[in-house]
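Take a look at the structures below.
The same chain A turns up in both complexes below, where it pairs with chain B and then with chain C.
And now, the complex of A and B:
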């Protein structure tokens, strides 16, 4: 119980520290604003929804629109969170505190995810509010929350896992470059061009969840390519499998670092 | 410390002071290996992707396009991110601001080193591709137009945003977001005559249409507002002491 409490304390600390970062709010607001402003002209073809479209479709298109570039901001925001302790020379001090390495890592991850997701959730709620007023449909807000949970949240968890851990090995500047390159390669680039995971269950852009919510394949969900086992028809169960896989894949690097740090502490 | 404090109006450096070579070596050290090696890492990553594509059965033209894309697109992104780090993370900033040498000079030296490393890597990479028969871009003499304008533009944007906002997060997201937007909305840029000169990757994404070289020069001209903004912001470098991302 003490371990859980300590982890929650780390989580609270990380959350409060991150949520006060003005740059996080400004960055998400600018990116979301730019995407919303550009969606009528140069945006992805599945946004915006036509007049009279159901709330589910309208809000999924918003989530889908945000998921194209917003996770870049997630990755940039979280890339230095673990390095920060080392850079500020507080790592040893934190190591002497009651929560073990696993607890600290879990707390940092949960707090970081919650704080980074808050501005994105706010952006979705603003979009839902706008659509509620524009279309006079009160179900926009619950559907906005559902679309956020299905499309953006798994992307955030996936990105957070790698953004926290990879810079420890690659350094933050290298991680940022490779992350943007990965985002383009692994989510948007067609498998016909290069071997890529685009359109697979492991595409964090949320193609399966968005396809399921929209009722039509979007962002190449299920497109033929490498690892056909990861490219089923975009159905409800495939969307659930995609969400679960993304969350599990996002936790893998954290587990690896947690185990490594725990072993180092015992040695 | 004469190499830091030395200014044009001051007496000549005393005997035993660091030479110019030593000063540049010191600045290279301050740049950090991760930042300095970013251009190399970018081309190595592209080469790895090309090998992967070739292993997957991609033809020679496709592999060549991947390599060209690396030079035109990935290298500018890598350099912009590295430039952001140079500007936004300097642990000895207070010390620099207390010395006669202007902080803008120190940053300028480091960015010049990064630019130099980028140019060397790009030219060598171009030469290797050309020698291996994998070059599918413009004439080799014009090859700097492939990577230099986009690198300078994206780098200038990143440095400007980093200085303006004092936020590494905003600067890196701006560079990454603009890069991704150019990749995603290539057809949107191609569809509008006014937007085409502002497009960063015309050779790999728009098949080097006629007049792309003029557009590259126009793109280079649009760097001027960023450069002016950077110069103005660096006139008050003490603003950088209160950056949010420690």
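And now, the complex of A and C:
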């Protein structure tokens, strides 16, 4: 069996198992619902776009509204995926099957990311459907998908890499606690208060992508702070660089674990 | 699939699990006996390619298990039921088997579905094939375990402690199932339940403290206790000379079955040994005497 087929098999079943978790759907529905209901009291940045605003702006506002909290739910939901095989006592059987650890890891990552992203995508589509009906503009749906891809998906990939790997060292409950702390430190806290990555290319809240889609800086994109090289003007190319950096940074821990497991298997 | 092991050693940190194992297995059903901590599970894991050998030679079906490619080659021909196999509670047995089949490289959808269906039928789980495994009993889970191991019709089947925790009826059913599979392949059965070996295997090896202390036929192992198996009934204290294999309270006293080189009491009668007696006699020989 080729590595690709093994990876696809793992991806398929990881997706199936993760998507069946009721807690994932309930959490994301509650968080998305609470954000949608509470956005009028969250300040002008999160308020609905004014009447007549283009679909691009309307749906980007939805995406960055969701990106404030939803990635925390992604991290919570993915924190046990690699530990689970050990906890459920299936790791020994999987280790006795021909596919190597790299294929299993990649499959778990892809399946986990796809399944965890599905409820968030559903939330975006519900928002797009609502705006389509309210504003009578059918382009809300493609712009909803585009905003999801640019703002939320890179955050999901970034968070997934660390949420899968860190609990192997920290345990899942401890990771979850630390992750919530990280999220507010690295995305919300201003650099003037404490050295933080808020407003940088490595901020997974999606500030650069949202700023580019809206045509105006939002979510502190480019705010002065430590590592100025990571804080360019929020342009299209900066947004692309931010997306690429987030994806690569999310893959780094997976690569490290893959190499480590591969070496252990060879030993 | 023949297995040839020479001088196999394996340690985990400071703990030495195997201290120079020599073993040859030539097809059919082969039993591996030993107490807790004897090294059976480590040996099974090495043969399943889960753990690499420390030093020594391990060849399974001609493949060198000290190399990664050798382990991968064996895994393509292997069915493995680990000692403590768990399941994904959200999957049904059909889905779980389909998943394992995909990982074993059974890519043809029709053939895979047919094989999964046949195996579920064989282990008596066809009626619950679509139900999630969350509420399955221990026996049902073991049956899923053996079904997944048989996917791809493996030439080597490694089964580690398959009947531990099962009720007597399930145990007999499981043993019969395993014995029936040995005709076409090598089945390696590891257990500390002597009865399972007695009922299913022709040949066996006994492990103690990381070494093979016996290898040969089950009949010869039984003979180890010939002339040393005694039965006696007494109302007094249990015999101190020898190892008491069983004690049954009856009218007129307690009937003891004792393994001892010397007659433990004048009224003790010599009886024909069972495999369990042979195993106890062997282990007695290989257990170091307590320090005085």
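Quick note on the criterion: the second predicted complex is superposed on the first by the 263 of 267 C-alpha atoms of A that agree within 3 Å, B and C clash if a C-alpha of one lies under 4 Å from a C-alpha of the other, contacts with A are read in each partner's own complex, and residues count from 1 in each chain.
The rule is simple: a residue touches a chain if its C-beta (ideal position, glycine included) is under 8 Å from a C-beta of that chain, and two chains touch if they have at least 3 such contacts.
Please read all numbers here as calculations on a predicted model, not as lab measurements.
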Chain B versus chain C as contact partner of A:22, first or second or both or neither: first
First (chain B), second (chain C), both or neither touched by A:13: second
Which of chain B and chain C A:134 touches, first, second, both or neither: neither
Winner by number of chain A residues touched, once chain B and chain C are compared: B
Which of chain B and chain C A:195 touches, first, second, both or neither: first
Which of chain B and chain C A:263 touches, first, second, both or neither: neither
Which superposed partner A:92 touches (first chain B, second chain C, both, neither): second
Partner chain in contact with A:5 - chain B first, chain C second, else both or neither: second
Intersection of chain A interface sets (partners chain B, chain C): 21, 88
Chain A-touching residues of chain B, taken from the complex the two chains share: 34-35, 38, 41-42, 45, 49, 52-53, 56, 58, 62, 66, 74, 77-78, 81-82, 84-85, 165, 167-170, 172-173, 176-177, 179-181, 183-185, 188, 244-246
Complex contacts: residues of chain A adjacent to chain C: 1, 5-6, 9-10, 12-13, 16-17, 20-21, 88-90, 92-99, 265-267
Interface residues, chain A side, partner chain B - complex: 21-24, 26-27, 30-31, 34, 38, 41-44, 68-69, 72-73, 76-77, 79-80, 84, 87-88, 171-174, 176-181, 183-185, 188, 193-195, 226
Chain C - residues contacting chain A, complex: 45, 48-50, 52, 68, 72, 75-76, 78, 80, 82, 84-91, 95, 99-100, 102-105, 107, 148
